[in-house]
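Each chain gets a letter, A, B and C, in the order it is written, and its residues are counted from 1.
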Amino acid sequence: MSDNPMPRSYRVETRTRTSMVAGLVAIALVAGLLVLPAFASRSLIQDLFFILTMLTLAQFWNLLAGYGGLVSVGQQAFVGMGAYALFAAVILWGLDPVPAILLGGLAALVLAVPFGFFAFRLQGAYFAIGTWVLAEVVRLVVAQWRAVGGGTGTSLPREATEAIMFTDQIAQLLDVRASAARDILAYWLALVLAIIAIGGIYWLLRSKRGLALAAMRDNPQAARSVGVDAQRIKWVVFLGAALGTGLTGALIYMQKARISPDAAFSLNDWTAYVIFIVVIGGIGTIEGPIIGVLIFFALQTLLAQYGAWYLIVLGLIGIGVMLLAPRGIWGSFSDRTGIQLFPIRRRLVGGLLSSKPTSREE
Amino acid sequence: MSLLSTHGLTAHYGQFQALFGVDITLEPGECVAIIGANGAGKTTLLRALSGILKSDAGAIRFNNEAVGDRPADEILRRGIAMVPEGRKLFPSLSVEENLLIGAHARKVPGPWSLEAIYALFPILRERRNSPGTALSGGQQQMVAIGRALMSNPAVMLCDEISLGLAPVVIRDIYNALPHIRSGGAALIIVEQDIGQALKVADRVYCMMEGRVTLSGAAGDLSREAIHNAYFGAAA
Amino acid sequence: MNWLDTIVQGILLGGLYALFATGLSLVFGIMRLVNLAHGDLIVLGAYLILLIVSLLGISPFLAALIALPLMFGLGFVLQKVVLNRVLGEDILPPLLVTFGISVVVQNALLQGASADTRRLPTGDIGVASVNLGAVTVGVLPVLTFASAVLVIIILNQVFYRTALGRAFRATSDDPVTASLMGIKPKTVFAQATGIAMMIVTIAALYLGMRANFDPAVGPARLVYAFEAVIIGGLGSLWGTLAGGIIIGLAQTLGAAINPEWQILSGHVAFLLVLLFKPRGLFPRAVD
């Protein structure tokens, strides 16, 4: 009877043209990074290892604070826990370091349960300091553990570092010395970890849970009224971040091969720098930490020789960004141009709205 | 020269425009009522007049000075006091302290003092040490009015003082207004209760969707004109 | 081991921690701001007092007197220029900015004063002791505790008996309505931070006389201050004193059992309170 055609069903889309281009570029980039060890110098590989691991830490802190609204100043507890679990597994039980990384992640996950239990009794800024105190407690307790060096720390035994899984194959494949092979292995693991982390976080944010997370962050009461369980999501995010941070910590210290409580639980190295990376790059975006870590690395290369001045400059830049451009460099750029490389915003497309997507380029 | 006047006053909440070129005047000693439905812009108008919302300097003139861009604390010190919507008493302060804070920033000689307020609203003297929020709605409204009076303002802005109160209480509150006027203050009252507004006001402005749709002396306006201005001619 | 002596030492140590905590509690109570640089500002105060002592050759007490208005000014300006800009609904900006300030202050002190540990000269008071019958206590710890109590008494008087205190309480309740009363909330906040810095100066005086300090000890002071505030309950200054005493007691009792457990014992006490009374022992009814 009516001359309207049967309306097509609605669908929800997040893809945009820019993001598809970015996706292709990313694939090319990753391929390039994978084969890099064949031509690159050892110091470049080590630098990239540092960049990739800091990027992973930053992505998880960003997930916690930028998306989850949980500002933790105690993630160093999970870096240290992951690292110490790896050292304990290698030294005490003779496990190969590579699978010990997974154990490190698991240990951090287990720690996160009582940690979160105490921390969630506090809100807002007090939650932040609470996580700091809890991290201190973990550090003080671990420092009593004589078997892994107590307060002064210890190193991975020579037999363990020389026999790490895959290093022989890598040394032969790329015709490099054993120590270089270890660095390359660590680099590849860091690359894989970073890709899984970013991919996983992006997938989470695009999923229903991600929508719930955004709702919870914006307005917890309204979110609850539509059935979003804030407690459950907070735990999911917190445990996920702890797991990721623990894996990264274990990997970092496998590469360093030497550990001490002050280093592994350092507020500066694993929280202060991470926070600056996220804030300067752009909190609450996936692209932000990528930009942030590159800037941070550049600053460190330029200024680290100046000791305390380096940190003063970093601190002032962080303060300046929060005062003048609180969305960070990427955030401000994205706000201005509307470009998102990892688009999360959902658009309703199809059905009676039109015969093709009408929303303009986001 | 009006005591207080607005000239093409506009106001925005972010992207949303709430006032579209409002012109009103208030003469010394007058009582002017602003009526209109919810969302008409009445409270927004008072917020602009009291300085909470910033406007263009020349959009608001008081005592022949452009004050549209002045902050709220300066507006109070110049002599315009507000009885805010919802009373907004300070929970950490007692009744007496809530009154005293009204005179914190502006101490000018005038008819209103703690004693005078207690004489106007005797129940407050009995409850002077209770926390402000432990009082009934009507009593809280008396405190809010007294608090504004403590600064001996030239102009008092009253935002929905009858809201949520029983008719008996509303009558008591409105019975106080003539005393307040005889003290010298000019009043602008925002009301949803048209009957009360017309009883006390000399002149009335009716607003709808951010614009003044009708104005005139309270006695001159016909029921029908008010109805049309309040709801819109098509209603 | 003399238990009574340990307990008294713990209580008196609590006075020092209460001094650390009172400024933090004040600022949070009025503007819901937690200053992550609080501990580093205490250390800054200690260095300032040290500077005045070396320049003028006077006792630390007199130097602290001179430092008081200087630190008030610092706090006032810091709040007016930087912190007022980040107050608002979002908790992230104030946290991140004060974190940045903490890093800058620590490293500026490191750059300017080197990492060497310092101490304020204590003269005779440092070794004097007073006999209270069952125990003998040092004069300095008693003085510290007495100062903490005096500061809290004065603050409470100001808050509840003066017009200034009224303005503080009103602004803390509702800054917008407070501005309708002719109060400038931003100025009130700046005054509050200025006063907090004065308390920080007193805390710095006793910190510097009691123990060695260097640029890196700030964060630990912040942690003790924070623990004392949480244990006491937000919004109660006497509660903060109680919280400080509990931390002090826990630390000295822990240290008496095993010196390595001193700091950990304080944290454990904090966690226990957090477990059973998350709002603290004396929380404010309205919040």
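Here, a contact is a pair of C-beta atoms (placed from the backbone, for glycine too) under 8 Å apart; a residue touches a chain by one contact, two chains touch by 3 or more.
Note that this is a predicted model, so its numbers are computed, not measured.
Student: Relative to chain A, which chain's C-alpha centre is the most remote?
Tutor: B
Student: Between chain pairs B-C and A-C, which one is joined by a greater number of C-beta pairs in contact?
Tutor: Looking at B-C and A-C side by side, A-C shows more C-beta contacts.
Student: Just by CA atoms, which chain is the most central one?
Tutor: C
Student: Hey, how far is the Cα centre of chain A from the one of chain B, in Å?
Tutor: The answer is 54 Å.
Student: Indicate the whole-number Å distance between the mean C-alpha point of chain B and the mean C-alpha point of chain C.
Tutor: 44
Student: Starting from the mean Cα coordinates of chain A and chain C, work out the distance between those two points in Å.
Tutor: Roughly 35 Å, centre to centre.
Student: Of all residues in chain A, which touch chain C in the complex?
Tutor: Where chain A meets chain C, its residues are 65, 71, 73, 118, 121-122, 124-126, 128-130, 132-134, 136-137, 140-141, 144, 267, 272, 275, 279, 283, 307-309, 311-312, 314-316, 318-319, 322-323, 326.
Student: Which bits of chain C are touching chain A when the two form their complex?
Tutor: Residue list for chain C touching chain A: 28, 33-34, 36, 82, 85-86, 91-97, 99-104, 106-108, 110-111, 219, 222-223, 226-227, 230, 260, 263-264, 267-268, 270-271, 274-275, 278.
Student: Would you mind writing out the residues of chain B in touch with chain C in their complex?
Tutor: It is residues 50-52, 71-73, 76-77, 81-82, 84, 88, 90-93, 97, 100-102, 104-106, 147, 151 of chain B that touch chain C.
Student: In their complex, what parts of chain C are in touch with chain B?
Tutor: 163, 166-167, 169-170, 172-174, 176-184, 286
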